[in-house]
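Everything below concerns the one structure shown next.
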Amino acid sequence: MAGVTEKRAKEPADVFQVRLEVFEGPFDLLLGLISKRKLDITEVSLHQVTDEFIAYIRARGPEWDLDQTSRFLLVAATLLDLKAARLLPKGEVEDEEDLALLEARDLLFARLLQYRAYKEVAKVFSGRLAAEALRFPRLVPMEARFAGLLPVVLLGIGPEEFAKVAARAFTPRPKPTVSVEHIYQPLASVRDQAAILVDRLRLVRSATFRALVADCEGTYEVVARFLAVLELFREGVVAFEQAEALGELTVSWTGADDGDVVVADDYDDDPRPAVGDPALAAGPARDDPGGIPGNTSSNHDE
Amino acid sequence: MLQEDEQTRHDEPPGPGLRTALEAILMVVDEPVAAITLAQVLERPRDQVITALRELSAEYTVTGRGFDLREVAGGWRFYTRDTCAPLVERFVRDGQQARLTQAALETLAVVAYRQPVSRARVAAIRGVNSDGVMRTLAARGLVEEAGSDPDSQAVLYRTTSYFLERLGLRDLDELPELAPFLPDDVEGLEDQR
Amino acid sequence: MLQEDEQTRHDEPPGPGLRTALEAILMVVDEPVAAITLAQVLERPRDQVITALRELSAEYTVTGRGFDLREVAGGWRFYTRDTCAPLVERFVRDGQQARLTQAALETLAVVAYRQPVSRARVAAIRGVNSDGVMRTLAARGLVEEAGSDPDSQAVLYRTTSYFLERLGLRDLDELPELAPFLPDDVEGLEDQR
């Protein structure tokens, strides 16, 4: 994938022309943009980089599957948040929202730095592999006079097992499978999330949705908490305020100051609710085009 | 060489000297042999064997031999000298090894430093799905399965000794430090998602 | 050694000297190589190559190396020195090479069900280079050469009677059917790569 450069002929030349490199995911892209601007990660000029990041996603979007796109969008959303925050007047009170933004920024940069570290050692690996390819180990059959002395071979399996080993070898390796083993369902109960919201809203009376989900562990929890807000609305204990479509959503408490509020459990009864991290959702696993074993086999033909 | 044989001849049974014996044995192996294994067969202290191996290796280099004795993947083995690569390649059919892609190198790096590690964890660090790349690395023998995570049941992966061979490393401790590339407090960040 | 390199440096392109190159090549070839073949690859007169090989061989003997360079059956190859044979024998006999690796087992299975088969075909089926493993299997007497492919001239391999013995079978017909263990439509898939 890496290093492939292509031009998008469809774009009108006078409006927008980018040479699109293919990046290994959002972190790779972000690092690429930051280094292109010769910026330090810790002092990234967000407005420049964010726009380019969004432009890149827009230009490539249709080519991606959901899994890949969602990871880029997650980073893009964080960047936009940060960019938006910088447009606001400074020196104001540090409310929950500001703190959440600061945390989001730190987390994003920290993960970016971590990714960069692995990218750096990957370069070291590449150099070592190249140097090592110049040295050939001695791999020759044992001299006849010693070969006979080798201990008796232990196959360790019977004919049946042996046939299974063969069958495994004959089964094409890079078969596209829907990988599900990594979906471990970090369940977030809508009912539990509603209970958290009730406690919090009774205390602060009103808060933006953004602030309400700032402590969420992952996307699945944000989704569950959002569903909980809707359920609370249905119960008639909260009110919404939103200045414009897609604008900031403010949630206010309108219910009683005490007593139990229990929301319906439409979601939680489902044994496998659709409240999983979309970034981990199953999609057809992709094989890296440069690394399919089938490609390599031609390299050692006799 | 001869000198060493002369010196040791006084207090040991007649037979080839240590260095000669090491050269002979390493001539018939097709995988790295640990110094301790050689020490057991030759009935010599391990330290003495290691010293002799290092001296042989240094001698080959100084005198410009076409072969080299190196410690890789926990064992010693004869290799050709890198300067001879263009000539040797014409004789070694399987010399050409397909280059790894950037995706494969990054994934390999994460597995090397985080092993045993799940595919989901690797994906979280790289920011992209790494399942296909992981399968490729496994098919190439560079990584292998290493049980499953007790909590999530996810399959865990680790690097193989073939990985060490391909990188020319004695063991995993020889991997370059990751810390200089990392700021503080980044460890474990991917858990916070 | 160094002296020879010095002398030849005047009238040849930079690179390893003749002896260094010969040592490197002979360290990795898996069968005796004729002097004329070496001469062709190194672009040197055959006589010069033969002289260098003899000098190397004499030098190894005089300096008491554990290896020996000998001309056998019209080709040159590294061998262990005779005086070291008892030690090498002990090493081989005590070696922990009794159990086949997973890679070796898989390669053996492919040969068993696809024989006669070339190394390239085995590599294509397994998705990884299998040459080293095939040599190991041949050294262990589990597979053997079975002529060459009329089209590609590639060496073909088949399993031996020792293999049948180890698996507890009378003949190849007793190998279990593969079909029950295969997913549908897999037979012959490797031909499409």
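Think of it as A, B and C in the order they're written, each chain with its own count starting at 1.
Heads up, the rule we're going with is that a residue touches a chain if its C-beta (ideal position, glycine included) is under 8 Å from a C-beta of that chain, and two chains touch if they have at least 3 such contacts.
Quick caveat, the model's predicted, so the values are computed rather than measured.
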>> If you average the CA coordinates per chain, which chain's centre is most distant from that of chain B?
In response: A
> Nearest chain to the global Cα centroid?
Replying inline: B
> Between chain B and chain C, what's the gap in Å when you average each chain's C-alpha atoms?
Replying inline: 22
>> Measuring centre to centre with CA averages, how many angstrom lie between chain A and chain C?
In response: 46
> What whole-Å value do you get for the distance between chain A and chain B if each is reduced to the mean of its CA atoms?
Replying inline: 32
> Considering chain A alone, which of its residues make contact with at least two other chains?
Replying inline: 136-140, 142-143, 146, 173-174, 293, 296, 299-300, 302
> Going by the touch rule set out above, which residues of chain C reach two or more other chains?
Replying inline: 27-29, 78-80, 88, 92, 127-129, 131-132, 135, 139
>> For a test of understanding, state which residues of chain B touch chain C in their complex under the given definition.
In response: 1-2, 5, 15-17, 19-28, 30, 38, 40-42, 63-67, 78-81, 83-84, 86-88, 90-94, 97, 139-141
>> Which stretch or stretches of chain A touch chain C in the complex?
In response: 136-143, 145-147, 149-160, 162-174, 293-294, 296-297, 299-302
> Which bits of chain B are touching chain A when the two form their complex?
Replying inline: 26-30, 67-68, 70, 72, 77-82, 85, 88, 92-106, 108-110, 112-113, 118-120, 123, 125-129, 131-133, 135-137, 139-140, 151-155, 165-169, 175-176, 178, 181-183, 185-186, 189-190, 192-193
>> List the residues on chain A that touch chain B in their complex, please.
In response: 1-3, 24-28, 67-68, 71, 75, 107, 110-111, 113-126, 128-129, 131-140, 142-143, 146, 173-174, 179, 181-182, 184, 217-218, 277, 280, 283, 285-288, 290-293, 295-296, 299-300, 302
